[in-house]
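The following blocks contain the structures, represented as structure tokens.
Presented sequentially are two complexes of chain A, the first with chain B as partner and the second with chain C.
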Partner chain A sequence: MSESSAASRGMTIARWVIYALVALTVVLPYFVVFPTLKYKVSPESAKLFDKVNSLKPGAHVMIAFDYDPASSAELDPMGRAILLHCFKKGLIPVVMTHWSSGLDNDRKILAETAARAQEDMKRQEPFVSGRDYVFLGFRPGYSNLVLNMGENLKGSFDKDFYGQPTAAMSALQGVSQLKDLDLVIDLAAGASVEVWIAFGSDRFHFPLGVGSVAVQAPNIYPYLQSGQVCGLLGGLRGAADYEQLVDANGAAMRSMWSQSLAHVLIIGLILFANARMLLARYRRTGKATG
Partner chain B sequence: MSDAPAKSRNLKSSIEMGVVALLVVVFMVVSLFAQFIVQDAGRHFHFTWGADPRKSIGIIIAAGLTLVMYSFLYRDNAFFKVAENLYVGVALGYTMIMACWRQALRPDVYETLFYAPTAAAFWNAALHRAMPILLGILLITRLSRKYGWLSRYSYAIMVGWGAGVTIPLTVNSFLFQQLYASVAPFQDAVAPHAAMTAFSGAWFMNIGLPVLGAVVVMVGTVAVLFYFFFSIEHKGAGGAVSWLGILFLMVAFGASFGYTVMGRISLLIGRINFLLNDWLRIST
Partner chain C sequence: MFFKRLTLPLIIVFAIGMAGFVQYYVPHPWSDAFQEEMTTWFRVIGGFALFLGAYSLLHMHVTRIRRAAPGWGYSVFVFIGAAAMIAVGLYNDGKGPLGPDQQKDWFDWGYRWVFVPCQATIFSILAFFIASAAFRTFRARNAAAVMLLVAAIIVMFGRVPINEGVSGWLFGQDHRQVFSGAATVVNEYPNMAAKRAIILGVSLGAIAQSLRILFGIERSYLGGGD
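Our next item is the complex of A and B:
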């Protein structure tokens, strides 16, 4: 009884030690200046960047912010970096979401990135909604909405988020269906990627890129290999890749030291725990045979 | 003698309450200093509401809730429960208002019907919306035992239409397209132009490696499926295939676990970013 209680107490202390170590490794890079972390951009991130970069000014890029604030740590930096790339290249971002709970966050990101792009480009004129970009907002329907947009995009969103009618919107000239868009990028925290693939790109034939939370990124690789997805940003690392490619120096790049140190710690803890388990097993078998 | 554990528990509880009260005071003081106290050139501290006091108050509440959420790491507690329920309630309320009312019912039903500019516009809107509105209302009858059967018409349409649209599209995207991608490298390998450049560097990169990958995928798929096939005892050759299936599963789980760790650490980084930059205003 007392042995089990002691073991339980030992486990509790180990749990708190692990929490403290993880917190320390994440916080440390905010207070200690580390050298710039150089790393190679992953091929799947480079593919998405190349696709956006190959578009001509005036091309339409739909970005679906299909997440809510719970996933903003990973997907906000992706959204900001892609939007910045679009603004700097003269592309027209068309932003929408399937997640109503992310609407205000999406609006904020779009407005802040437009302001940052204006500052970076030393542009006198601000980027204007309806002319330089479009924020369609949210409509319910999910897969049905994608099908509707495939048939009639302006009918699905007859007004944008700010109440402007989309029919005569200069930013949407030449766009009446999904296939008129030059690229669609889904920033996904849930199952929206599968919806965009099955009901969108495979049905209406337009290129689809994906930015995904790390947890579901491994599920996207088969679509990348089959060509159903033209590029993939996986988790914070994917966001950092894109920030590096567009020279954005955003939140993801700044977080890479924290991420790397935490990974090293977790690998170390896994090795330590396995070594301890093997040692205990060796001792037990030693006792049994001896 | 039997009162000793109870006394120990009471003491522990009192200490915990004291620590919680202290932490609340520390949190308020730190929040006040970080958000509303500024230092002037003469190194004097002044209280100021700042440019956007509502945002500052929002940040303090968000920081407090973040810390309360992390208090679960110590153990489950009443503050955590309050924050947890608050999160669910706010998310539900926000979604109901934004998704149901502001983005669907108000523009598509209320404004279109009750603020129609002309009689013709009203009748046109009513004609197009009558059936969806009726089907929506029928769904609500589910709440009644007597009239609940009426909701079956709506469900029947939803399920029938959903299956009709979804099955062909998903079978195409997730079965046929994936199957094609799996065999495409073999098709490329037997194409006439592939034979011309066989075993060159370009052939190895464009044909050899994809074929090797396709073989690995095929072997892995069969081995994993066999691992879950229990009609034959996994012994001898069957055991070897099953063992290979486990290996493939472990590699897949490992990749998934690695990405999951990255995702969870990213969430922690996001919160630390918020606490340091937005709440404490420590420029990093």
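Our next item is the complex of A and C:
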């Protein structure tokens, strides 16, 4: 067997081992009971929570579910936790999306969270669409839609997802433009945050919070520091932070052991590979000088 | 011919572009009405892009099937999937395409039990590739690579809750935020400085490119080269 094919075989075996280890670290915490992880909520997550918490009952919070099922694992728990917080505080969530492929998922999350909030609050009456919350659904246009909503929100969405006219909707009383909203939160898997900032909050002057997938979260820090974003939930950890703050004990908190072990595994693999490289280099140098 | 092909489009681009630019700085109801009208038109025109996208996708797969290109069988599934979802969407549980949206119809079933798991699966296998790629390629070969490696490890470890337990065990319970604090420092200083520079550079580039288009210097969007 040649040296290259032996190396290739070794790499293939290593790859399968890595895949198995990753699968094990992710799945194991769902079957084995680990001690509860205690951790401090990150300041950027706390900022968003504080912003929502400071709103008075009846305030309008628009939540843009700008993602599709590919990013559900990270962003669904955020959406659920924020919605739960809104329902429990008596705020009026106004949900919309720029991503048509996530529409049905958003509807499901909204309906399930409304039902959960009702149960948690031991409320007799269910939360009603059009009165306690609004599901606007999807419209094409992206940046143009944000500009349109900035001028005339009810014109951009003349009907909600269920076909109810928005003009006479009690939940939208006092809201005709984006600036009438008390807070907008963008749950983003793509570049929608920049769109909301450039064409929305900077222009029409409303507070903007962000929940983003982990890979994109570092891009948001400049906007957080400049005050253009009032709070940030970054990835699954951000979702777990918010769940902890609203005492939701949701999917993100349950996934923290999986994420912790997977990160530790990847760090371990990187350190192992580098140690092996340095050892090989040391041996080569030793042979050359010896 | 020259006027229609070149001069007229340039005049339209200049006029509409300047109107959009000036409109931003004019707080007048007419200005707002103009913007609303324009953005509505943009959205209507943008809607047609969906048809173009669908046509382009289906045309590509027709070509693959016709030429029996490697993997052409997968292209057949594009048509089966598209036809099935369009059919059940139009059927709408017997209410027709103009009827109220049904929540528990076949379309909903296809979305929830086929589309969602497929998308989630494709994205989740990224974890396996990242772990494998990190093991095979993340090497401290020079000073820059060492810095990247150290920053990556700090952020990866500092962002997961287990770091606080390890930090407390290593440095005492009063110092549980050592790793998460280090991750915050990496995110808020070197990362932010680099990101801000990139954002400013990209924005200046976009402004320059917009001015080039407005004043007719950049004409490649007209087709046929410069």
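The rule is simple: the second predicted complex is superposed on the first by the 289 of 290 C-alpha atoms of A that agree within 3 Å, B and C clash if a C-alpha of one lies under 4 Å from a C-alpha of the other, contacts with A are read in each partner's own complex, and residues count from 1 in each chain.
Convention: contacts are C-beta pairs under 8 Å (C-beta built on N, C-alpha and C of every residue); 3 or more make two chains touch, one makes a residue touch a chain.
Fair warning: this is a prediction, and the values are worked out from it, not measured in the lab.
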item: First (chain B), second (chain C), both or neither touched by A:Val264; value: second
item: Partner chain in contact with A:Ala73 - chain B first, chain C second, else both or neither; value: both
item: Partner chain in contact with A:Tyr19 - chain B first, chain C second, else both or neither; value: both
item: Of chain C and chain B, partner touching more chain A residues; value: C
item: Contacts of A:Ala251 with chain B and chain C, given as first, second, both or neither; value: first
item: Partner chain(s) touched by A:Ser129 [first = chain B, second = chain C, both, neither]; value: neither
item: First, second, both or neither for A:Asn105, with chain B first and chain C second; value: second
item: First (chain B), second (chain C), both or neither touched by A:Asn148; value: second
item: Contacts of A:Leu37 with chain B and chain C, given as first, second, both or neither; value: second
item: Touched partner set for A:Thr97, first chain B, second chain C, both or neither; value: neither
item: Doubly contacted chain A residues - partners chain C and chain B; value: 19, 22-23, 26, 68, 72-73, 101, 139-140, 147, 203, 214, 218, 222, 225, 234-235, 237, 259, 262-263, 266
item: Residues of chain A touching chain B in the complex; value: 16, 19, 22-23, 26-27, 30, 68, 72-74, 100-101, 103, 137-140, 143, 147, 159, 194, 197-199, 202-203, 213-215, 217-218, 222, 225-228, 234-237, 251, 254-255, 258-259, 262-263, 266
item: Complex contacts: residues of chain A adjacent to chain C; value: 11, 14-15, 18-19, 21-23, 26, 37-40, 42-43, 68-73, 101, 104-105, 107-108, 139-142, 144-145, 147-148, 151-152, 155, 161-163, 203, 214, 218-219, 221-222, 225, 234-235, 237, 240, 256-257, 259-267, 269-274, 277-278
item: Parts of chain B lying in touch with chain A, wherever the complex brings them together; value: 73, 91, 94-95, 98-100, 103-104, 107, 165-166, 169-170, 172-174, 177-178, 180-181, 252, 255-256, 259-263, 265-273, 276, 282, 284
item: Interface residues, chain C side, partner chain A - complex; value: 24, 32, 35-36, 39-40, 42-43, 46-47, 50, 100-101, 103, 108, 111-112, 115-116, 119-120, 122-124, 127-128, 130-132, 134-136, 138-140, 149, 152-153, 156-157, 159-165, 176-177, 180, 184, 187-188, 191-192, 195-196, 199
